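Working notes for the structure below.
Chains: A, B and C, in written order; residue numbering restarts at 1 for each.
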């Protein structure tokens, strides 16, 4: 049975500094098979591929356990060059292309064909450096590679700049094909940047390549693509192997269930009574035809109403747009469409307008956007309130006494572990840095609080504290809270409703106790009705 | 032992090395027979006279434009202000009409013109820098050089009458103009309070063609000759520097100042808090340029001469090196960096000359050492700068 | 899938002549402004055309090599290499040594090259290492490094020589016994050592080189490593015949000169361009290379013919005939231009170009980015060193403490005037730049005198221009235009333009 598989990764485990990211994961692919690799963010897909590719990051952090077999033989891949020699290729999400160069030059990048220099002995002294490059020959090779994936209308002499994204990706694919003896080709979320027709063309190419005996590993979260083109699939979850299925023998719902399903742990204590009255007549925040141009997290024509006093969650996979939502309102990226705060239109062109309208933010990028790493805890906590509401100022200057008092209170309230209010934020642990960000938002006394990835990198105890504090703010002070998170468990713990974002739009709004499969489908942009179940 | 290590980490190895080097030089100088009073007097004077120029780096760095090699623009504004002020004083016969007070008027007018000019030039320069984000240092170096080269043409075309400014024969301004008959030494030289000077005035105002002037003894606290020992305390100069430091300190603690520092430290953070990063950069550049103008005027009055033409070419580099020695980086700079850095940098140069002269007789050696140290420090800082390359 | 080439032919879009002219003017605005300034300055200076022309060609022969050495770092993405100052320093150390030891002529210069080159390689290596530590800030690093190196150089020449390094010759050493004099005179030693090489000597040199190459190839053939081909034989025979021709008395007479008239040189160059273009038309007659532009070759031939015809106009003819060019410097300049172009066709050169386009992509493709950049810097430093040697031997004297500092400034400014930028520089931009920049230099003082009554103004003006051109070019290169407003919806939902639509029809 084993020799049937071209690639076999068995019992693969990997640890990053004590953190287990892969636990006994198996992956088997036959020659000529299109095999989908699926899972949520952090499921371990990238790590698994990094191991297959011999990426330096794997070997620099202690290697991996388990074995990799190619056509039945054990192999050990030590670096990307090695992987290439074994016939393993990868088409990355970020194209490694040079726009100013031609298609041929890009296909042959780093592997140009050359002839020894006409001057004698040069090659003895300088090695291959001064070889004369044979562009005609390389053009022929490129033509062959392009034709083999059906790209007869891409000119090998054309410059890559200005080509549609889809075509650029095809050039990437041609490059992998051109590498001699390609046996396995990995596609990492290839359709993310493509238009519908380009995506269709890509899937055709995959079929073409598979028909020539190349094994294809297709990392994707799009269920419809999987059903359309894949022969089999593997689902990973939290670094563990969940299942391997033949596509013909499973269904959308089952796959979705496999991706999401787990016992829902309680992250917060049950509360006694919920005295809130939420109503569709009182809307705190409304997004209408809302678009955000955040590279990698684009929001596209989103429409949603968030009720006053509710805790609303935005979930979904990375790159689907949920991170763009609050960043757009914060004013960090170009936006279009309308944002209404309590019925009033927000002028997003004006800097800091959201803050002035009592919306506070906690960014998902605490080090990059959320904090001044070289400044003290105190300075960070009161910064927004000072700039936007002129608080903590005496005679135009910083009011030292007041600011220290307030910081001490925040430190106590959120249990920030530090040596004092003057400690530089950069030297705090991730969790405590997050608390400082939260403190700054709280200091603004907001009406609406948008928190992105509230407990990322925080230990369990602190997680509980942060989530419970958020709920307390909501119940006791009536703050409308919007939580943006990639951890469904967290969202299902405190949110009243959860909107799953896929391809920049809201695929579905679900109650926390909805079936797991519903969440999985939504992440792929589908609802139950769409798949006829 | 760890406490010592901690102290070393805070001070930083380069600073430690240079500090020790400085102390070694001082000890050598005293050992070679230099009088302590004149040595320390020189160090103090040079420290204070350059300090404001170094202070000018702080607003620039804090607002995010990196090291302001274009401080030449501010220097040139200050020089222009001084030159215009001196000409006005001469042509209007201020020393004839106002006696000793004319020197003060000249100084004040020079500062006024210099500051106003520098504010405009600095703002325009800030606009330019906003369009070349990422290449500020390279662009600023050459804009600075160009400005000085352009002023060379201006200096030579200006047909002023003040005898201190112009060439005796021919037209255009001198390379070096003495401030003896103007505001030289008001804040740092005891002689202006103890001796009288003869100052030329335009023909026709009186028979002699000159007046004799001495600054009032009441103000002699501004430049104190300590007990005739040779040690001079330039109190006036120190007070001006302290005042500038205070103003900058207050500014950096104000809402605008804090916003500016945030803009320079983390652009996204600033934007998310409603701060207009581009405006903050212009603000920082303008303040930096103004300090440059003030700085060169203070420098000139201490030195006693106005140096035109190519003399200011390398002053930007010296200021940059000074603040870097003081512990600043291309991304963050504080007032303490200025104070310590200027002391170390100028101190080494001051002490090196007599020491070297006593040991080897090469007059150019201190200048060579200055070149090597200045540029070596900047190179070191460049290799350390992370991200946000300019 | 139809074979629809039109949408994908991004190479030769159908732009009107008017559009092309507009783009040309826009991209070369610095150069055009310069041409105007030069012309006005020339009129203002009232100088004679033939004096100016002679001086310009002298300066071209003297400075072009150094400016051409700046091209490779631009290619490799390191911007303008202000660090060529260090190459110049290597040259000056060698020149000083050779002159001090009293060696002269071509052999003296050969020794200077032997001393300077290893020095330049070592220095270049250090500079390259430094640049690799300051990626993204190479230009400012190079600038500061130049000043730093100057300090060390002064330490050597002013303090160490005469004291630690024994040297007492009063011709070169300052009275007092320590430190080199401000000006070193090369007359009688290295002055014109390169300029004075005669054509006949060059012919001999070429023969020797080809003979050596042929001998090595024969050896390789005999030791079965490489076949000796017909092409190899043809080369040897061809060069041999060429050399034999030089023995014909009628021709020989002309070749004992070290200078050729500009008319002759110009005619030769124009003929060369025309023949090269004709050859490429022939080579591509079957149209197999879609990147080849026949129109361009034809226009080159036409322009060459017109230019040649113009040289028959009497006034132009007399003007051109008044200029005599030294042979070897121009041969070397031509050689470097060929090298700059030729290296692009080698793996090393192509790697440099790749690294210059994107460090990240180059690294991901397996190219050793640091090593490639290092080699680029070493090459540039060595070339700048040789350029300085050519410069010094023509100038005949050198200001010990100032010569190398100006090099960086003026070479960079000249290149930029020619239309180059931080990211793109070509051979022709270098030559045009040197011509225009030095033209300004020549006429500025007199123009200043005539316009302002002070020659000093002219001198200051040209310094201002040299700084200003760099500042302007750097600013223009870094200029970030405000983003145009546009509908995000449209651009967000379609990743590509209309081509996606046309495909649906298939």
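Just so we're on the same page, a contact is a pair of C-beta atoms (placed from the backbone, for glycine too) under 8 Å apart; a residue touches a chain by one contact, two chains touch by 3 or more.
Only a predicted model underlies this, so the values are computations on that prediction, with no experimental measurement involved.
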Chain of greatest Cα-centre distance to subunit B: A
Chain closest to the middle, measuring from C-alpha centroids that were averaged per chain: C
Whole-Å gap separating subunit A and subunit B, where each centre is the average of the chain's CA atoms: 51
Cα-centroid distance, subunit B relative to subunit C, in whole angstrom: 40
Chain centre separation in whole Å, for subunit C relative to subunit A (CA means): 48
For the subunit A and subunit B complex, residues of the former touching the latter: 330-332, 351-353, 355-356, 361, 363, 365, 368-375, 379, 383-384, 386-388, 390, 393, 396-398
Touching residues on subunit C, where the partner in the complex is subunit A: 1-5, 8-11, 213, 216-217, 220, 226, 290-291, 345-348, 350, 354, 357-358, 360-362, 364-367, 487-489, 492-497, 499-500, 503-504
Subunit C-touching residues of subunit A, taken from the complex the two chains share: 80-81, 96-98, 100-101, 109-112, 114, 117, 119-121, 126, 128-133, 150, 152-155, 157-159, 161-167, 193-195, 197-198, 201, 291, 293, 298, 300-301, 334-336, 504
Complex contact set, residues of subunit B against subunit C: 128, 131-135, 137-139, 141-143, 145-146, 149-150, 152-153, 156-157, 171-172, 317, 360, 362, 364-365, 368-369, 371-372, 374-376, 378-379, 382-383, 385, 389-390
Parts of subunit C lying in touch with subunit B, wherever the complex brings them together: 130, 133-137, 139-141, 143-145, 147-148, 150-152, 154-155, 158-159, 163, 178-179, 452, 454, 456-457, 460-461, 463-464, 467-468, 470-471, 474-475, 477-480
